[in-house]
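The structures come next, written out as structure tokens.
Next come two complexes, and both contain chain A; in the first it sits with chain B, in the second with chain C.
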Partner chain A sequence: MIAYILRRLVSISVTFFIVSVLVFLMMHAIPGGPFDAQDMPLSEAVRDKLMARLGLDKPLHVQYLSYMAGVLQGDWGVPYQSPGETVIELLARAWPPSLILGGLGVLIGVPLGILLGMAAALKRNTWIDYLASAIATLGLTVPVFVISMLLILVFAVWLNWLPASGWGEPKRWILPIIAYAAIPLATYARYTRSAMLDSLNKPFVTVLRAKGLSERRIIFQHVLRNSAIPMVTVFLPMFIGTATGSIFVEAMFRVPGLGSYFVSSITTRDYPLEMALILMITLMFSGAYLISDILYAWLNPRIRIGGRE
Partner chain B sequence: MKLVDISDLNVSFSQHEGVVQAVRGVSLHLNEGESLGIVGESGSGKSVTCMAVLRLLREPPARITARRLDLEGTDVLTASPATLSALRGRVAAMIFQDPMTAFDPVFTIGHQIIETIRVHRRTGKAAARAEAGELLRMVEIKNATDVLAYYPHQLSGGMLQRAMIAMALSCRPRILIADEPTTALDVTIQAQILQLIKRLQAEMGMGLIMVTHDLGVVAETVDRVVVMYGGKVMEQGPVQEIFDDAKHPYTRALLGSMPGQTVGRQRLTEIKGASPNPVYPPTGCPFHPRCPEVEPRCARSMPEFSDLGADRQAACWRLQ
Partner chain C sequence: MNKLFKLAGAVVLAVGLTVPAQAQTTIFGPGDLTTGTYFDYMKTVYSRAGLPEITQIPLTSFDKEFELQPLAAESWSLSDDGLVWTFKMREGLVWSDGEPLKASDYVFALKRAATTGYDFAWYWDFAGGIKNWKAITEGTMDVSEMGVKALDDLTIEVTTSSPKPYLPGVVSLWYPVPEHVWNEYGDEWAVNVDTLVSSGPFTVESWEKSNNSMVMVKSETYTGPWQARVDRIDIDPDIGAPEVGLPAYLAGETDFTNLNAGQIPFVEQRFPENMRTNVVFALSYLSFDVDSAPFDNVDVRRALWYAIDRKEMTETVLKGLAIPGNSLLTPGYPGYNADIAAMAEFNPEKAREFMAKAGYPNGEGFPTVEIFYRDQGGYNGAITSPMLQYLQAEFKEILGIQMDIRVMPTSDWMDALLNKKNNLFLAPYEFDYLDPSNFFGIFYDGGRHSYNFDDYDALVAAADANPNWEERLDLYEQAEMIMIDQAMIVPLVHPITVALVSDALSGEGIEPNALGFTPLNRLSFYFYTHLDKN
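== the complex of A and B ==
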């Protein structure tokens, strides 16, 4: 087990370096640079001086090596679009709102989705099942900015119960959390329904009934546990996808989160921030898949981690 | 009291293609300590009959009606879910065809046996565990204590079938229903499992219902046979009488298609034609389209049972 985790950690670091090289090359392959503003162009001399100060005049491999040397020492550079703070400080400022909203969105959406999916599976082909399917389909197909707009319209404009936007007191969190929860809820409603139906049709369920177990016990102790296996696989990647911010939800509700930086760091050629965001996501996803695989083995005795008995 | 008492049982399933009439007016019973074989080809309704006795079919799509459907005196048609749970596993236990899929793959064998014990009786965990080990030794599993900690995928089909028998017998049921218990197993294992079931039935004084398509299995294990075809009972009686002197043409055809009846080289006879369509069963006797002795009246209506001696009946116009 420990050897397995160590092996995976080595492969994660290899992935990390491959991704860093690829992203670095792709980033610089995009034409233009950080100081190519069209409306108020800088003079040639000023621009060259700025480029030289940031080391952007050096050959790419030198830039890459000095950047990675900094990263390994904990220096992730200064974002060009916000030179008053370091990349780390920017993340520390902008990430918590995204983490809170996305995290709560997932933590609320997933249990509700599981309940909805269970109800649909246990009452299949009844109105409960059809309603759950309709909710799940809407949650996945209606774009999140449309959901956000409807939420603002109903709860902020018409009912005037909640503020339409902003950040600060927790009551401003409610609408964006609901918007964030839509996709986890819909995803989990669908996953749970199909996983439960799949388990419910297994022959061992008939055997459990023949043993005299109550229906409740069969569902909560056996069917759910078997259904959990596919459900665990989706959870952590989804959690990370959501907790790193949604540009749409944050834009609709004017939340000062991380979402918009994913786009602005590319459009403004903010190399240090772009690298930091992508490398951070790489690490988080790698970690998430590692944890998922360990959980998977724990839930399913047929999987032996490490490939050997 | 009869352990199982079925009178005029009908089971149908609603499907897209129409209503499948799986069981059509079956009556049969199981006496105390007796072993009964239900024989028929696939689609004859033999398994569905047993599933209906324990109310294990999903309703809907299944629809069960009967004049009587009693398990040790309790009417299972009107029984509450709680009553049914209490009957299942304690009064009547069932073992199934495919042991490889019969266990929940994420729990150990021990867990699943202990769970069965503890759902019916107030027993401590440690005591139940010791009992589970005893049960595994009873079904001739040698390293019983180790096997308790095994997951289903770590055992062979034969071992799993033994474990399933142990689990079924964990609450000392009055009735054991075995639904094709050897069909999914290697031929070499089949005989061992049958011997085991027979021995345990005698030791525990249970009633046994052995559902099978294999007349060889019936000959080895049961006292009395019910022959089913097209959802109906064709003939029933003591096993020796059926083998020596079958009265119904279907039973005779079935015996004729069984190898090893006579010594030396012989040709097996097949039963010509195909099993009846369960959505549109033939009128009259379901066997008449394939029957070598068919008469015009066979297609018109189903004959009543003719009593042919003690506990011996057959439904054929030629016997009327």
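== the complex of A and C ==
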């Protein structure tokens, strides 16, 4: 197991290196730079001065090497769009709101989704199933900004129970968390339903019933555990996806989070921030898949990690 | 002892009752851009953070009637040759840290801009005409040769390379930079609240970096004209998007908001009294690469010029979003010429004749063309898509032209325009200063469009330097006649912005001007200093 984890860590480092080269090249391959003409032409002399200030006048490989040398020493540079702080400081400031709202959204959405999916699977083809499926389908198909808009309209404008937007007191968190929870809830409801139905039709359930086990024990101890594999596979990537913020939810609810930086770093050609965000996501996903693999072995001992007996 | 406490309690109570609690007035409003770097207009214009314009005092500014008013400059005079301007500053102006505001702070601002790379550098060459500006920005001349000098602490002398009769309006975008603070922190003085100092009616209290929302408070040291009347302003750029702004307005979280096309009918019905419209001093137009086929043929351009039904377009797909763009200048803009505007004609027969004359009867043999436009928000974002689809259908129907549409980021669009990577563009332009030379200049030799129409260039150059207003207007009229005859561009529409303003606000800032328009925060210095809140 330890050897397996070490091998995976080496492969994660290689992935990290390859991604860094690819992203760096792609980023610079997009035409334009941080200082492009806006409404009037920018003279060559002015542009040269601005580019030299950021070291963008040097050859690409020199820029890459000096950037990576910094990264390995923990210096991720200064974001072009926020010159008063380092990339790390920016992440430390902007990530917590996204982590809190997105993280709570997942942590609330997933258990509710599992409950909904279980109810649907156990009461198959009844109104409960239809209602659960309808909720799940709506949660996945209605865009999150529409859900956000409806939440604001109903709870802030009509009922006047909650503030429409902003950050600060926890009561301002409620609406964005609900908006964030919609997708995990819907995803999990669907996964749980189909995985449970799949397990319920397996011969071992018939055997367990023949043994005379209570339905409750069959469901919670055997069926649910056997259905857990796909849910584990989805969980961590979903958590990462949600807890790094959504540009839509954050814009609608005016949350000072990370979501908008994924877009603005590209549109403003903010190279240091763009690199940092993508490399961070790369590391998080690599780690998430490693953890998922370890969890598989725990959930189902028949899965042997490492492939060698 | 007990009695003493009671007595003290009574005194406290009495004082508490007689001195009313000071009610703080705070205006909540939308900002423009969520991204931005320096809170310093003289460092960067296109990626400035927040609204530095209301914390620094320019030499002059415009009121809501677009009349020029003196601010930091109390008066100014011009030499006989029309080249040397002397601006006298008001006495007693100070920075918010108590240091006196000096002429040298203004001079320093421009010298730094010229030598360190300023994305608005073109302005001081093209609009300001400052002597040696261009050579200094290109590094071929020393900054000490610049035509800008502080004669003493309160006198600024500006020398232009040719007469610039409208310079007092140009300097409305000339803000000071605190040289004494800059000496300590460098450009970074303008990236966090602790080192910011202001010279204008507001100072910054807090700055949320993630979206550049800011709380600004009334300056206690500002002694100049247009003092703040409210205690605080809370500006949030996320509210700038109408989709966020209107719900926030309805929930009482902002005092005014911009509206999009879908919201206007709802607001018209529910809050007609609270609506404010403004015709932006801007033009959307078609521009060409006039050196390559098929638009090198003037008759093709003329065909397009006659094929636009501006009235129908602005009454249908652009209803409430734009008015017909019949000329280069917007109604109300200095130098607007109604006779020229009356020439904008929709005439499908003439359009077809010109197509045939160019060798493409009914569009036969005409290549498929692609129009480039830029992806952006605000009033331009609202009109571009419906307008282009309308034009696409109209060109097909009237001229037999197949026009494809392609959207791209502003920087790519600008790159394509400057380097002639395409031959047809939908182009927007909003004024930077109030003088006809601003709009005529973008088509002038070496301006934004690399047009080289010699007659036009000669007239625009003559008009630019002529100190006589009537003569200038006459020259501009001739220049626009050439523009029309050559169909250099096809003017389309002037965009409108619509906003919703709360009953809690009052003051000249939200009252319509003589033309019936309310520029609101497009004139930010005037707007935020001419507002009261109940």
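Operating definition for what follows: the second predicted complex is superposed on the first by the 300 of 309 C-alpha atoms of A that agree within 3 Å, B and C clash if a C-alpha of one lies under 4 Å from a C-alpha of the other, contacts with A are read in each partner's own complex, and residues count from 1 in each chain.
Criterion: a residue touches a chain if its C-beta (ideal position, glycine included) is under 8 Å from a C-beta of that chain, and two chains touch if they have at least 3 such contacts.
None of these values were measured; they are calculated from a predicted model.
Overlaying the two complexes via chain A leaves chain B and chain C side by side, clear of any clash.
Once the two structures are superposed, chain B and chain C can be ranked by residues of chain A touched, with C on top. Contacts of A:301 after superposition: chain B is touched, whereas chain C is not reached.
After overlaying the two complexes on the shared chain, residue contacts for A:226 are found with chain B alone; chain C is out of touch.
Vectors from the Cα centre of chain A to those of chain B and chain C enclose 150° in the overlay, to the nearest 10. When the two complexes are overlaid on their common chain A, residue A:83 makes contact with chain C while staying clear of chain B. Residue contacts after overlaying the shared chain place A:208 against chain B, while chain C stays out of touching range.
When the two complexes are laid on top of each other via chain A, the two nearest Cα atoms from chain B and chain C are 48 angstrom apart. Chain A has no residue lying at the interface with chain B in one structure and with chain C in the other. Interface residues of chain A facing chain C in the complex, by the touch rule stated above, are 31-32, 35-43, 45-50, 53, 80-85, 90, 93-94, 145, 149, 152-153, 156-157, 160, 163-166, 251-252, 254, 256-257, 260, 264, 267-268. If you check the complex, the residues on chain A that touch chain B are 202-204, 206-215, 217, 222, 225-226, 229, 299-302. Of all the residues in chain B, the ones that touch chain A in their complex are 54, 56, 81-82, 85-90, 93-94, 96, 98, 101-108, 115-116, 119-120, 151, 153, 164, 167-168, 171.
On the side of chain C, the complex with chain A involves touching residues 34-38, 46-47, 116-119, 121-123, 126, 137-139, 187-188, 191-192, 208-211, 213, 236, 238-239, 241, 243-244, 247-248, 250-251, 253, 409-412, 414-415, 418, 429-430, 432, 442, 447-448.
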